[in-house]
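These notes are about the structure you will find just below.
Chain nomenclature is as follows: A, B, C, D and E, assigned in order of appearance, with residue numbering initiated at 1 for each chain independently.
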Amino acid sequence: MLDIQNLHAGYGEMPVLCSVNITIAEREIVSVVGSNGAGKSTLLKAISGIIKSTGIITFNHESLRTLAAHTIVQRGIVHVPEGRKIFPDMTVVENLMMGGYLHQKERQINLDRVFALFPKLAERRNQLGGTMSGGEQQMLAIGRGLMGNPKLLLLDEPSLGLSPLFTEVVFGAIRTINASGVTVLLVEQNVYQSLSISHRGYVIETGAIVLTGTGEELLNNREVKRAFLGM
Amino acid sequence: APVKIGFINSITGKEAQIGENLTNGAAMAIEDLKAKGIQVELVREDDGGDPKNALAAYEKLVTRDAVIGVVGPYTSGCANVVASRADQYKVPLLVPAAAKEEITMKGYKNVFRLNAPANVYSSVLMKAVAPYKPKTIAYVYAATDFGVSTVKTAQENALKMGLKEVANEKYQQGQPDYRSSLAKVKAANPDLVFLVSYDADAILLMRQAREIGLTPKAFLGAGAGYTTAQFAQQTEISNLVISATQWTDDVNWPGAADFAVRYKAKYAKEPSYHAACAYEAMRIMAITASATKSAVKLQAALKGGYWNGIMGPVKFADYGGFTNQNNHPMLVQQIANGKYETVYPAQFSKKKLIYPFKR
Amino acid sequence: MIQHLLHISHVSKHFGGNVAVSDVSFSVDEKEIFGLIGPNGAGKTTLFNCMTGFYPATAGDVIFDNKKINALRPDEVCRLGMVRTWQRVKPLGTLTVLENVMIGAFAITNATRDAEAIARENLQAVGLSDYADKLAGSLPIGLKKKLELARVLATHPKMLLLDEICGGLNHTETDTILEIIRRVRKQGATIVFIEHDMKAVTSICDRIVVLNSGEKLAEGTPEEITNNPDVIAAYLGGGYNA
Amino acid sequence: MKQIALIVILAAIAAVVPLFMGENPYFTGILISVLMMAALSSAWNLLGGYAGQYSFGHAAYFGAGAYTTMILITLYNLNPVLCMAAGMVVACIIALITGSIVFRLRGHYFALASIAVAEIVRLSVLNFEFTGGAQGILLSDLSLWGLDLNSKNPFYYGMLLVLVVSLGITAYLRKSKTGFYLQAIREDQDAAASLGINLSFYKNKALLISAALTSVLGSLYGLYIRFIDTSAVLDLRLSIEIILTAIIGGVGTLWGPVIGAVLLVPLAEMLRSNFIGDALVKAGLVSETSGMGLFLKENLAHAHVLVYGIITVLCILYLPKGILGLFRRVK
Amino acid sequence: MLFFQSLLSGILTGGVYALAGIGMSLVFGVMNISNFAHGDLMMLGMYLAYFAFTLLHIDPYLSLVLIMPVAFLFGFMLEKLFINRVIHHPHQNQILLTVGLGLIMSNTALLAFTSDPKILTTSYSSSAYNLPGGIFLSVPLVISFLITCGITALLSLFLLKTSTGMALRATSQNREAAQLMGINVAKMSAIAFGIGTALAATAGALIAPTYYIHPLAGHSFLLKAFTICVLGGLGSVIGAGVGGLIIGVVEAMSSTYISTDWKDVVVFVLFLAVLLLRPQGLFGKKGEQ
């Protein structure tokens, strides 16, 4: 479904990603793990077109590299960014509505689905996004992403700042979403949990892929254990 | 080579709209003289209404361009600053239209002024209406140098005539709404309403005055906005408004009517008194400069000379605290059906003042 | 009565009709590492904001080092020795990493040279030395968290309020941060620690308070907390096994 | 240290310039304007560039200096230096009042509140009698306390001195606690406060220094031109010009304001005096009577502000970090 | 009597101010730019109304139908050519860009139309409704007040209810996130600036029959527009509307009961007082990032 070859990207003159190759098949959950600053978020930004890159990125055989970010969304790639980036002066409902900007017809159904997944959002539907707590904002960001009818969902650290209980809810939700036919590319620091639910995973180190395998293989890999799981 | 003279004017900035009239008047003077075989090289400078620029312009003219005389600047502020330097550089300055008295009251040898200063605007108006024995007066004027100085002298004159001041409304220029101020004036029910405003403000004020039904016995406009053709053309509001001016086209000064006709043909609009002042100042400066060819001689020639043109007789005299000031007789005009008619002083006019004002 | 370094007494905070913190009381002793946990939106960050002068508390008192600090400005609170990090990191974007930490160090010195020395020490401590000359705005989220920590450490505080300082770090990196915190405690600082990573919380905290919907749900040692059925229901979830 | 040395060297060079220039009042006048604008924008830069508080009301401090000085001199004929000191006090009082109001605001709100304060000052001066109101204040005495007001050199050195002081303060502050604190405030006020920075103290400190320097320049300006009114010394245009100079040179840098002034002031004067058109004609590149020549002579005179506007736009589009930014990139 | 006369003319004038403020507030809200060219854009509207009237003989109020789209396109183009390129630059650069654009516009107008003020005289330019009790209401101001109310209502609805309106607001709050929602942020900025320009030009056209038309005529309204939209809360359409009315009434009242020359000072003092009590303006929202 998504095919990335020889991808290079960076900020200004500073290169971050060098020669990254990744493929994702339809209906897969794929995790990318790596330490801070390895370039995980940068990878997602390159895919969703927020930053410029060189190399090949194709989605369902169409090249994405030259498309503008808002056109890439139209293709069904929805990116839930790191740091949430919700609209601070809009209410919860308005934030969600914006998530469904391209899918006005299904808005109501999607809204109900999101509220079912995150009842807290329904409770706070008229609170300004900017005044929500950190974790509440994270729910809002994920919910907003789901409003966009993704075919491929890019999640950047969705469990960041979530309570353990809620982290479970979110990982459960990711599974559910995936089961409903959405492909997921997951970037997580919560390596254990993310690899547990992933079909496959990649390990990225200073901008390059150094290891790949199924979720299980990686979880049992010595290096991975040492570097990320503190064992 | 022809002698060089400078011309400092407000071509840009807030005063540009009046500046343009001066530009036109001066340009016509140069052309007229050229036709008569008198050649001068004119160096034009813009001060944008900023005294700092006017000073730079003057210093550039006298040191770099080596002009022997300068006409300008238009605004009082600029003229004041430049005038204070004229004796230092000893290059004569002829002020065409700036109204502030001080400019020619400091005893500067090299500063000459053609137009009548601010106090005359009010005194001539008061003289014109004195015979009708008005009792009360209200002032409505722009918070500018010209507005404030003119009203000050008007208050002095009013005091002498025994007029009682019933309202005093100083306003900031460029506002869209003067109704509240005018309503206050209306409530005070004055015989005379004395107005000082620039171009379009005058139209605005009179429109709103009409709107709220302000009808004194006379509207007295001191120069500027009440003396433009544009104002007169707004017959609904301008009829019977009385105003003081340096110049009219129906005055019996030599060439005035002809100037008006030619100006209109060339610039497709009526000449304002600023244009006439600039024309005459530039004509006097150019003729005298080309005859004398040096700043020192030019100063002497201006001091001793006598001219009679579209501004009537011109002589730079010392009187009543002034130095090198042309004791220019100002005129009072009244608008009748969109046309200005000179109504005072009697020796320059054909028509009589209509009093009181009626809609 | 025992002297506590920090005493929170019946603090409440309302936002319009929204009750973020409601009548919360607890005390923290000197040299303690004190955990503050609770579900999202429980009011943890809001409590920090009330303690450090960013929000006025609607009711209640905050007593620090025997002084009532409710009405003080944030900078005054900092100079008394209580300093907080930000859950939503706030790097001084166009300054370098080193300069960011120097700003912290200036709380205890006026000399630029000393400030630089202190800053370098603390960068070293959190492992950011290599990034000293990078612009703070360009750091990835994990390193920004470390920068937050280095910056407050440089003020040599009596009490550190850490708001999800390990969020966005993996276990190995979290362990290094915990190591730093232990070291700081050894040097005499007291720490209040907000975190969702229960492994970190239980391994480092002496005592824990759990907030839920603005109210205090439980208080106790890590074991007590992790076995408390209310806490499990509201926060930890069934899948949790310590 | 290096910067301080550079300031001293350049100041020394600037100090001897008048000796070589002889009697050239026009040129000296332009240099004075350059120094004045450089100093104004450098003083503004302390607050705007370092602390990130974009004051759009600096004309108020300039006007405070100019008006205080001119009023005291015309009324009591006080020593000019005393007048300047008084002007500084007045400016600082205005600054303290302003600071206590506007520093609680952030971003756009701050910028516009600073305009409002400056407008209140301007309108008050315009409405009061003792300030000369709309008529302004004209200084007619040509000698004051033995100072020959017709000579420009005292003003040249006066402006130079203020510029050097302003640059010196900037260079010193930049490397000091205050400088770092100001920058922290610029980047994030909440973070700054949480690290122990007393926001209002440091903002007011920067504002006071900036206002005091600005007021001295206002005093010098008044004595130099010998005439002031509200449109010359209290106008919003002046505030904007100060900021423009800093930005085009490079905001938040030591030398940016100087570079901005060195380029912009002569440029504006060249455009105003139609120097470019004249030069083309004189060089024989354009015939005076040709269409182009007439255009240059007739229309360019009207269009110099237009050209200035175009240059501003081009600078902002192509040199967003100011001219210093350009050099940085090259390096 | 005086009181009601002042109150009513204050309200009507406030309506014109409001429209000037709303356009600016929109640009503020969506693009986070203080538009110092706003006054010049108003001037553009005045000239358009003037030429529509003198050349095409269209009533100034009817000519809005023409002026709004023309101004919208002009604003759209300005954004594409200039503003768009500084959107990621520091705030002060954006301000100076608009200062520069304003200089270019006003001075081009000065060259093209000369500095002679133009007066648009319609049959109703100085006519008034005579209310009982000797109160007069300017006919053109009443018309333009009604038009302003209509536009304000439509615009609020547009921003709150339509998806384009919401997309505009989203763009203002976080461009990157807006992009990720599939919003074409470049287009949104251009639309916002286009609408802002159209509103400015409309405000210009609406006062043209009672004001004068001059290359610098818009400048008198620039500071007012700023004051209004800050007072009302940046980005709030309703706030700007209310702000305009407040300023209109305060001006009229202080000119009647304090003094005409101090009325602007009163307005600015009030403005600062409001900001001290409510730093985000009357209708401003305050959410953190």
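In the analysis below, contacts are C-beta pairs under 8 Å (C-beta built on N, C-alpha and C of every residue); 3 or more make two chains touch, one makes a residue touch a chain.
Since the model is a prediction, treat every value here as computed from it, not as a measurement.
Between subunit A and subunit D, the least number of touching-chain steps is 2. Looking at subunit B and subunit E, the chains in contact with each of them are D. Listed by label, the chains touching subunit A and subunit E alike form an empty list. Greatest centre-to-centre distance from subunit C is found for B, with centres as Cα means. The greatest centre-to-centre gap from subunit A, using C-alpha centroids, is found for B.
In this assembly, the C-alpha centroid of subunit D lies 31 Å from the C-alpha centroid of subunit E. Per-chain Cα centroids separate subunit A from subunit B by 74 Å.
Centroid to centroid, with C-alpha atoms defining each point, subunit A and subunit C lie 28 Å apart. Rounded to a whole number, the gap between the C-alpha centres of subunit B and subunit C is 74 angstrom. Across the assembly, subunit E contributes residues 107, 110, 261, 264, 288-289 that each touch 2 or more other chains. Shown for subunit B are the residues that touch two or more other chains, namely 12, 14, 143, 170, 172. Multi-chain contact residues of subunit C, defined as those touching 2 or more other chains: 88.
Looking at which chains touch one another, you get A-C, A-E, B-D, B-E, C-D, D-E.
Touching subunit D in their complex are the following residues of subunit B: 11-14, 44-46, 48-53, 55-57, 59-60, 63-64, 77, 80-81, 84-85, 88, 100, 102, 106, 143-145, 147-149, 170, 172. For subunit B in complex with subunit E, the residues that touch the partner chain are 12, 14, 16-17, 19-20, 143, 169-177, 179-181, 183-184, 187, 199-201, 203-204, 206-208, 210-213, 230, 234, 236-237, 269. Residues 28, 32, 34, 36, 82, 85-86, 89-93, 95-97, 99-104, 107-108, 110-111, 223, 226-227, 230, 234, 261-262, 264-265, 268-269, 271-272, 275-276, 279-281 of subunit E touch subunit D in their complex.
The part of subunit C that touches subunit D in the complex is made up of residues 52-54, 73-76, 78-79, 83-84, 86, 90-95, 99, 102-104, 106-107, 110-112, 115, 151-152, 155. Of all residues in subunit A, only 11, 14, 33, 35-37, 41, 82-83, 120, 127, 131-136, 138-139, 157, 160-169, 189-192, 226-230 touch subunit C in the complex they form.
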